[in-house]
Amino acid sequence: MARGKHETFGADESGRALERMVAFSDGVFAIAMTLLVLSLTVPDLTGSADAVDRELWKALKDQWPELLSYAISFAVIGRYWLIHHRLFRLVRRADPPLLVWNLVLLGLIALVPFPTELLGRYGDTTTAIVAYGATMASVGLASFGMTQHIYRADLLDPQVSDDYKAHSRMRGLIVPVGFALGIPVAFVDPAAAPWTWWISIVAISVASHLRYGSAIRHPYETS
Amino acid sequence: MARGKHETFGADESGRALERMVAFSDGVFAIAMTLLVLSLTVPDLTGSADAVDRELWKALKDQWPELLSYAISFAVIGRYWLIHHRLFRLVRRADPPLLVWNLVLLGLIALVPFPTELLGRYGDTTTAIVAYGATMASVGLASFGMTQHIYRADLLDPQVSDDYKAHSRMRGLIVPVGFALGIPVAFVDPAAAPWTWWISIVAISVASHLRYGSAIRHPYETS
Amino acid sequence: MARGKHETFGADESGRALERMVAFSDGVFAIAMTLLVLSLTVPDLTGSADAVDRELWKALKDQWPELLSYAISFAVIGRYWLIHHRLFRLVRRADPPLLVWNLVLLGLIALVPFPTELLGRYGDTTTAIVAYGATMASVGLASFGMTQHIYRADLLDPQVSDDYKAHSRMRGLIVPVGFALGIPVAFVDPAAAPWTWWISIVAISVASHLRYGSAIRHPYETS
Amino acid sequence: MARGKHETFGADESGRALERMVAFSDGVFAIAMTLLVLSLTVPDLTGSADAVDRELWKALKDQWPELLSYAISFAVIGRYWLIHHRLFRLVRRADPPLLVWNLVLLGLIALVPFPTELLGRYGDTTTAIVAYGATMASVGLASFGMTQHIYRADLLDPQVSDDYKAHSRMRGLIVPVGFALGIPVAFVDPAAAPWTWWISIVAISVASHLRYGSAIRHPYETS
């Protein structure tokens, strides 16, 4: 009954409150992903149909970095959504700090279209690469922080094993660590930073899989 | 059976109608929060990669007021969403005026990206500060008005205590009062108005906590 | 078993299919309403803080028609959402034409931000008034057509009385008729058209209320 | 228990996980459809009210290709949504590749507003027609690939007949094949490509109906 302990919602209501929070989060994820398309701009062209056609073809070819940024951000937000999805299937209760952690995470997710446009248009500059990598790493850290809170405040389904928690915590760090490693690299050579992202992410994924992959199962996964 | 009394929906259907209204509201909250990112604009830069990099770095540094406005608006809408969320977990019936109150509230929430962009770009002017503060205070008043209607029309779960209602009503006024107090201040000194917001909000929160905090619990909170 | 008759979904699945369609529709309504804010544009101003402040104040004052258009469109889409909400609480089955009608309705709802911006910026021209009125009337006609289909294809809860249907059909025509009446008026005097909208809508609402209001109740309303 | 086989979620949790994925997908479909309106731009006009009125009328008349593109894209995304809707009513389990297929499909759906704007503004160029047709065909292929995975990984309700699967697979190819056929045509004559779309789609639909239409029923359709 001590005030210092955070309140959690009663069992009956907790389900509905959690569902609403999850649905709200899904909304923000879905909107942020769909708004990414606004970073692709249609050029203003005039002239004969033939001239416009040639110009447009050239403009679209020059836009491949923007399309690539779109695809990367869609995939990364999608990946964070999957982590969120997987995590919340195991959460049984919500407490006030969880709501705050979740809002921080969503605030960073909703921000992603901005660095995505920066990366698409100025992807050869250190500034854009650092801004993008820092945002993506921050999303991952917020997601990791939320996971840690859920574990510590004992909001998870009691069936979840400690091994699963350890694995899942590790897995949540792969993407943010990859993006964070790209930041110092971008100061030396912006073009090398994206390679750092992919190589780190793949390397850590493989290492994680070797270490945990064959042993750990999602508590609600059957095989 | 008198016509003057507002109709309420039957018990069976009421649950579904409420759920749909709540889901719809969550949609508007989530979209408004995610659209805030559109107030951040990527500058148009040309020149050598190095020159663009330096310019972009400078442009991003100069955009910190826009990022701050983004964060404030995200947090304030998030806070109003939490209030909405908490309130509607206790609502058991809907009547037509509740739908109207809710639409007014949502209309103001959906408007927030506009004053947010004003604040981000012209945050040193009285006009932008007043427009922002007035919008945010209006959202709070609409939320307060809706709460009052819910209490008076007896739409709440009967388990909710009068003490909880009094506390909750008070808590709902903290943010709008803070923003309203900033309006006269902005006419004297625009730079002082945001401080008025934060100081009022923190001061009233602390006062409210001291007065009610240790005694009142959400009816569905366990501790 | 004749192929000519439209298939309807089985009872068990019908509930879930309907719920998904309704949730999807709510999404479109909510997004269209929230995108309205993008028609409000923040002016580009430069100069001393004082000069910018004066200019911004003037610019905002000159934007009242855009704010008004925002408010009208939010209210009208909100009204159509309420009609949709009220109608679908009584629908028990979906058939393929209902999905098509609903998509047509949503396509028109999603279009509303465009004539809203036209009206806000060029509200003193016949063109903008006609475009706005025609869009709003079309939304209403699509909503009316969908209602008719629901009645004829017998998709409603059998508890719904014929009196309620007649009333509800009438009520669904109030807004489109009001907007349609404004179209010829706009060709004579654009400034008179909005008055035609409001006067027709209020007059028909009052007439409808006098004719049906005291007798008809929503089948799931208690009083 | 072999690692090579993909895990599927347990029966109890599977329902909720599927529902959340479906709700998330509906969000992306709904937002992409509603963002289409942003491809319609309000012209900047100045001068006397009369001159503006004439200019605006002319501008809107010249915008019919943009309105047409809006309508086509809304209808095509709507059609893909119906396919998604119909398919997922029969899915009983989710596995990790399904989540990935679904994200790829959603990433392409969310991209549609960009080629829609291209088509609306430069619909007489080969480039815009090819970009539009290729995007739309890709959406269809992703949808087809997802359907194939669902069939092969045995995620469907066991009541679904093989005849239904064959029909449904065929039906899912109609739209992408139509758009793909337009691509070579666009290189010869851009104006002929849209006719290729409509004629192919109608022709294949009729052929499919003649071949399968009278025999196959949705497992949850009654007639």
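Think of it as A, B, C and D in the order they're written, each chain with its own count starting at 1.
Assume a contact is a pair of C-beta atoms (placed from the backbone, for glycine too) under 8 Å apart; a residue touches a chain by one contact, two chains touch by 3 or more.
Predicted model, so just to flag it, every value in this text is computed and none were measured.
**Student:** Give a one-word verdict, same or different, on whether chain A and chain B use largely identical residue numbers at their interface, taking over half shared as same.
**Tutor:** Mostly different residues: under half of the interface numbers shared.
**Student:** Select the chain at the greatest separation from chain C, using centres from the mean of Cα atoms.
**Tutor:** In terms of C-alpha centroids, the chain at the greatest distance from chain C is A.
**Student:** Averaging over Cα atoms per chain, report the distance between chain A and chain B in Å.
**Tutor:** Taking the average C-alpha coordinate of chain A and of chain B, the gap between them is 26 Å.
**Student:** Roughly how far is chain B from chain D, going centre to centre by Cα mean, in whole Å?
**Tutor:** One centre to the other, that is 36 Å.
**Student:** Mind pulling the residue numbers of chain A that touch at least two other chains?
**Tutor:** Residue numbers touching two or more other chains: 23, 27, 31, 35, 38.
**Student:** Which pairs of chains touch one another in this structure?
**Tutor:** A-B, A-D, B-C, C-D
**Student:** Using the touch definition up top, name the residues of chain B that touch chain A in the complex.
**Tutor:** Checking each residue of chain B against chain A gives 22-23, 26-27, 29-31, 33-38, 40, 42, 45, 49, 52-53, 56-57, 60, 70-71, 74-75, 78, 81-82, 85, 89, 213-214, 217-218, 220-223.
**Student:** Please give the residue numbers of chain A that touch chain B in the complex, ascending.
**Tutor:** Answer in residue numbers: 1-3, 5, 7-10, 12-14, 16-17, 20-21, 23-24, 27-28, 31-32, 35, 38-39, 99, 103, 106-107, 110-114, 117-118, 121-122, 124-128, 131.
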